[in-house]
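Given below, in the form of C-alpha cells, are the structures.
Next come two complexes, and both contain chain A; in the first it sits with chain B, in the second with chain C.
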Partner chain A sequence: MFPRPIQESSKSRQLMYKVALPISLVIWLLPMIAIVATAGRSLHDINYGNYWGIPSEWAFLDNFGEVFSSSPILIYLLNSVIITVPSIFGALFLSTLAGAGLALYKFKGRFVIFALFIAGNFVPFQILMIPVRQLTLDLGIYDTYLAVILFQVAFQTGFCTFFMRNFIADLPFELVESARSEGVSEWKILIHVIIPLVRPALAALAVLQFTFIWNDFFWPLILIQSDELRPITLGLTTLKGQYISSFNLLAAGSLIAALPPVMMFFAMQRHFIAGLTLGASKG
Partner chain B sequence: MTDMTSYPVPPKPRHTTFYSRNKLVITPLLFIAPAFAMFSLFVIYPIIQSISLSFYEWQGIGPKKWVGFNNYDLLFKDPVFWKALVNNIYWLVLFLLAPVLGLIIALFLNQKVFGIRLVKSLFFFPFVVSQIVVGLVFTWFYDPAFGLIAALIEPLGLKLPSILASEDWATFGVIIAGLWPQTAYCMILYLTGLNSVNPEMIEAARLDGARGWRLLVNIVLPQLRAATFIAIVVTVIGALRSFDLVAIMTEGGPYNSSNVLAFYMYDNAIFRYRMGYAASIATILFLIMDVYIVWFLMRLLKNEKGSR
Partner chain C sequence: MKTIKTLLCATAIAALSTTAFARDLVMNANTSDPAQKEAMENLIADFEAAYPEIDVKFNLYDHEAFKVALRNFLVSDAPDLITWNAGNRMKVFVDLGLFEDVSDVWASENLYEQMPAVVGASSVDGKQYGVPYAYYAWGFYYRKDLFEQAGITETPSTWEEFKEMGAQLNAADITPVTIGTKNLWPTAGWFDFLNLRVNGADFHADLMDGKIKYTDERVKKVFEIWEELVEADFFVENHPAYSFQEALPFMNQGKAAMYLLAPFIVSMFPDDVREQVEWFPFPIIDESVGIYEDAPTDSFHIPVNAKNKDDARLFLKFAAAAENQTKTAGTLDMLPPNINASVKDDRFAQGGFAQLSKADGIMQFYDRDTDPALAKVGMQGFQEFLQHPDRIDDILERIEVERARIYGAL
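Then we have the complex of A and B:
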C-alpha cells in the first residue's frame, strides 16, 4: 500500500492525520458550505448585510417554500426528468446492441467504427452546434423535448458504446461459442446470455448518464427556446435574473438543482465510480 | 409412398438461407446500424457540415455565399479570437494542475481510517454538481461586497478586488472554479489506480531502502500510468470544452478578457448571426482538439489490436 498505512506511524502523526482530515475537507467544500449556509439565511439578514455572520434565524423552510412558490422551478425539474430519463434508456438500448456487435463479431472495419464512436465523443460541441440546430429546425422538432432527447441519445451513444463494447469483450467468450454450437440464434444469445451479464455495466452507465444529461447546459440552451420547456440548468440562469439581490433564494434554487444528481451519486456510488474510472486501473 | 417412408427423412438442410449462411457478418451490422445511424446523423455529418460552412457567409436564413478562406482571414486578424485562443491556452496549462492536485489528494486520502469512505465521497462530489451551480457558487465566493473570501480576509485588513470584473483576473477566477470539479475527477481516477498498485513491489522497494518521493516516482507512478493517461485526456478535453462556467460567470467579459473559443463561437452564431464565421472558430477548436483525440485513439487502439 502506498503511502504507508497511517496505523504504522507514531501516535502523534496518527492524531495529526485525524485532525487534518476534517479540516481539509471543510476547506475543500467551503464553496458548497457557503451555498448551504446562504440558502438558510433570512431576507432580513441579507438586507442588513449580514451575509456571513451568525444568522438572526434559520430560514431554510421559508426560502425553499419561497423558491417553489415564486418561481417555476418545479416545472424546470420536471422538464429535466422528461429529458433525462428517455435519453438514458435510448442511449443504453442503442449502445448495448452496438457494443455487442463490436465485441462479439469479427468483421472488417470494426476498429474504424469503434474509433469513430470514441472520437465523436470528444469533439467540441461547437462543431456540432449550427448543423444540429438546423437539423432540428428541418425536422420540425426545434424547441421541443424531443430535439434534446434525440441529440443526447445520439451523442451519449458514443461513450456508452465504448463502455459496453469493452465490458462485453471482457466476458468469457466460451459462453457465446457454446450457445452458438447448440444452435441458439444470435439474437437470443444477446437477450439470454449477454444482457444478464452486462447488468452491472448498464447500472454504471445509467447513473453516469443521469448526471451527464441532467447537468448538461449547452444543448437545451441551443435547442430550446420556450421558458416552459427549460430544464433546471437553464432555469437557474432565469432564476439568476429573477433573484438578482435575493442570494438566499438563488442559493436555495441552486441546492435544489444540484440535489438529484448528488442523491443519485450517493445512492449508487459504487456503480458510479466503476463507470467513471473505467480503464484507470489497467496496466 | 411406402418407399418414401422406409428411408429416414433426410434432415432439412439448415444453412440454406442467405441470412443463416452469413449471420456472423449480418448480425453485427444489424446490431450496430441503429446506433451508427443516429451517431452519423447527429455527430459525424454535422462535423463535415460545420467545416464546409466555414467557407461560406451565412446569416442563419437565406442563401449561403461562398467566400473561400475569407472567414479564416478575418479570424486571424480578429484580436478577440487571439485573446480567446490565449485564454484557452491558459485553461489548458492551468487545468493540468488538476491531475497533480488530484494525485496529491488521492495520496492523502488513501488510508484505512474510520469514515474514510465518506470523506472520499465528499471530496469527490463537486464533480457531480452541475457546472452552472459551481459557477454561481464561485461567483458569490469571489464577490468583493458580500462574498465569503472577502469576509474571511477582511479581519486581516485586506480588501478583495473584484475578481470577475477585472480584465486581468476574470479568466483565472473562472479557471479556478473549473479546477474544483476537475480535480475531484482526477482524484477518483488516482484513488482507483492506487487500489490496484502491486503491494509486493512496494514492499520490495521499501526493503531496498526506497521511500517517500523516490518510491512514488520510481515505483508507484509507473503503475499509475493508465490513471494518469485518462486524467490528462479528460482534463485537456475539459479545458478546451470550457463553456458553461464562462457563460454563467462572465459571459466572456469584461471586454472579452475572459472569452474562450467555445463561447466566442456561440456568441457569433447566436447573437451576431455570423454562422460562417462561427463555424470557422469551431473548426479551429476542432482541429486543436483533434491532436488529443488522435493521440488518445492511437494509444487505445494499440492495446486493442491484440484482443479478440
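Then we have the complex of A and C:
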C-alpha cells in the first residue's frame, strides 16, 4: 500500500524523513515567508538591500496603516466581494442545471455538448480580450460590475459544468428512477434529490471559484476603468510605481487581499477535499 | 434564484449610477510612483479649486497594466485625458488616429515660445498632440564619500578621465557602476549617451528612425567603446538578475559608486546616503561632437474618442501654466518644460537643468524614440552584450533583422 506509514520504515529512513520534511517545508513556504517579512520591513531596509535579515525596525503596523490610508483598499475589497459573490452563484446555478441535464438525460449529442464545455476550458481566455470588450461596449455594460460578473460566470461555467456533471453522474441513478416512478416532477427531483446530495461538490466548487474569481486580474483590467469599481487585484497595482515600487506596502496589501480566499478555504476545507476527489473519479 | 436576480439588478443599478455626468472629467494615468501620485493629486486638486464646477475622476494604473488597458480604452470608452510620453511612444497612437490634435491649445497659450525644448517631441507632422508637464535629465548619480575614499577629487568630464576614475574605484575595491538590466531599459541609457557622444544627434536620430543599419561601422564603434568599460569591470556582476530598483542597494551599501539614471531615483536614497549623492553629466568622448542629452518628456494627451474635450483642453491649459508647472515638476524632482516656470532649488534638478540648457539638442530615450518592437530587441541585445561583449557581431545582426522587418531593407 502506498503511502506506507513512516513508522513502518527503517530508522535511517525515518531520520531522513524528519530532516528532509522541515527543510522542504521551509523551501516550499519561502515565497510566503518573503511576503510576510517584507510586509514588516521599512522602505529604508529595502533600499539598503536588507531583504532577509532582521529588519532595523518592525514596521508591520506602519505598513498596513499606510496601505489603508494611501489607497481606498476597503472599497477595492468591497468591489471584489460585489464581483465575486454573484459570479459564484451564477456559475454554480448554471452549471448545476447543465450538469444535471447532461448526467440524467440520455439524449442525442449530449456527449458533444459535454465535450464543448470541456473544450472551452482549453481556450486561452486572453484571445477573447478584444471581442469581449467589444461585446460589453455593444451591450452598454462596459466599465460596470455587471460586465465582469457576466464574463466570470460565462468562463467559469464550463469548468463547473464538467465538475458537476461528473459528480451527478456518480450518484446512484436508482434514486432518480424511484422518484420518477413516484410521479415526482423533474424539477422537484433536482431540488429535493440531487441538490442535497451534491452539496459537498457545490461547496468545493464555491471555494475554488472564489479563489479563481477573487484573484483574477485580467477581466477587471480589460472591462473596468473607474477607480471606484476596481476589485482588489487591480487596486493593488496602484501601489506599484512606474519606476519605483514600495515593496513593503505591496506585500502588506497582498496579504490583505489574500486573506478572504484563505478564510473561505478554512471555512469550507472539509467539503473542499471531499468534493475534489469525489468529482474527479468518474470520467 | 431570487437572490441572484436581486444581486444582478443591484449591480446593474450600481453600474448605471456611476455613468458620467456632463462636467465630469475622467483622467487615466500611469503615474503611480509615490511622488508622481502626489504631484497629480495636487495638480487635480488645484484644478478643481480653480474650476469648482468640474469634477475630475482620477484612475491610476501601474505602468504595465496601463499599457494593456490603454490599448483597450482608447478604442472603446475613452477617458478625457491620459498621461503618456512624448516622442515615438506618442506617435504610435497619433498614427493610429487615437490622439487628439491639440495645436489650438499650443497656439492659444503661446506654448511654442513657452516650451521651446519640447515642441519637437510633442509634434507629429507639425501638429501637436500633447502638452508636457515635466521632463528630466539623465546623468550619473554618484556617492561623494566613495569617490573620496578612492582618492578621486574631481568628477570626470572626458572619457579618459572617466576610465581613470573607474580604475581608481576598482583599486579601492568599489565597483564603479551599478546597473540592473532585468527591466532592460537601464542599458538603453548607456547606449543612447555613448551613441550621442560618439556619433552625434543626427546620426542617432537616423538610427532611431530606422534609416541606418545596426551593422554599420559607426554603431560598432559605440560598442567598442562600451566594451572598454565592460572589460575594465565597470559594471556590477549578475546585473540581469536585478531590476533597476534592486540594483540600487549596492550603492546604498557602499559597494558601487554610481548609477546612470534619472531623477526618480533620488527619493530611493536613504537620508544618510542622499547627503552624499551628487550628480555629473555623461562625459565627453569626442570633442568635435556637440553635447546632446536624453531628456524624456511626460505629457498629457486627449484621446480622440474622449467625451469631454472642452474641459480636457481647460485642464491642458491649466497644466501648462508656469506656476502649475513649477509645482508639479517640483514635486516630481523633475524639470518644468515651461521656461517661465522655476526649477526646484535642489542640486539634482539644478544640475540637470544647467546641463540641458547648454545642450545642443535633446532626445527622448531609446525606447521612446524608436519603434517599440525594435526597442525591445535592441535592449535585449544591449543586455546580452554587457554579459558577453564578444558576441557583439551576432547581436547587431539580430537587431538589424528586426530593424529591417520594421523599417524595410536598406
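Descriptive notes on the structure:
Note that the second predicted complex is superposed on the first by the 247 of 283 C-alpha atoms of A that agree within 3 Å, B and C clash if a C-alpha of one lies under 4 Å from a C-alpha of the other, contacts with A are read in each partner's own complex, and residues count from 1 in each chain.
Here is the rule we go by: a residue touches a chain if its C-beta (ideal position, glycine included) is under 8 Å from a C-beta of that chain, and two chains touch if they have at least 3 such contacts.
These figures come from a predicted structure and were not determined experimentally.
Superposition model on chain A: chain B and chain C are shown in a clashing arrangement. Once the two complexes are overlaid on the shared chain, A:Met16 sits clear of chain B and of chain C alike. Contacts of A:Pro5 after superposition on the shared chain: chain B is touched, whereas chain C is not.
One of chain B and chain C touches more residues of chain A, and that partner is B. When the shared chain is aligned, no partner comes close enough to touch A:Leu197: not chain B, not chain C. By the touch criterion defined above, A:Val81 lies against neither chain B nor chain C after alignment on the C-alpha atoms of chain A. In the superposed model, A:Leu175 lies in contact with neither chain B nor chain C. Of the two partner chains placed around the shared chain by superposition, neither chain B nor chain C is touched by A:Ala267.
In the overlay built on the shared chain, the residue A:Val123 is in contact with chain B alone; chain C does not reach it.
Of all the stretches 110-118, 236-244, 290-298 or 326-334 given for chain C, the clashing one with respect to chain B is 236-244. Shared interface residues of chain A (contacting chain B in one complex, chain C in the other): 49, 129-130, 221-222, 237, 240. Residues of chain C touching chain A in their complex: 1, 3-4, 7-8, 11-12, 14-16, 18, 26, 28, 30-34, 36-37, 57-63, 65, 68-69, 72-73, 76-77, 79, 244-246, 248-250, 252-253, 262, 264-265, 267-270.
Remark: chain A residues 44, 47-49, 82, 85-86, 89-90, 93, 129-130, 133-134, 137, 141-147, 149, 221-222, 225-229, 234, 237-246 touch chain C in the complex.
Residues of chain A touching chain B in their complex: 1-3, 5-7, 17-18, 21, 24-25, 28-32, 34-35, 38, 49, 51-52, 94-95, 97-98, 100-107, 110-111, 113-120, 122-132, 135, 150-151, 153-155, 157-158, 161, 169, 173, 186-187, 190, 211, 214-215, 217-218, 221-222, 232-233, 236-237, 240, 247, 250-251, 254, 257-258, 261-262, 264-266, 269, 273, 276-277, 279-283. Residues 23-25, 27-32, 34-36, 38-39, 41-47, 49-51, 53, 105, 107-108, 110-113, 116, 119, 121-126, 128-134, 136-138, 140-141, 146, 148, 151, 180, 185, 188-190, 192-197, 199, 202, 215-216, 219-220, 223, 225-227, 230, 237, 240-241, 243-244, 247-248, 261-262, 265-266, 269-270, 275, 278-279, 281-283, 285-286, 289, 292-293, 296-297, 300-301, 304-305, 307-308 of chain B touch chain A in their complex.
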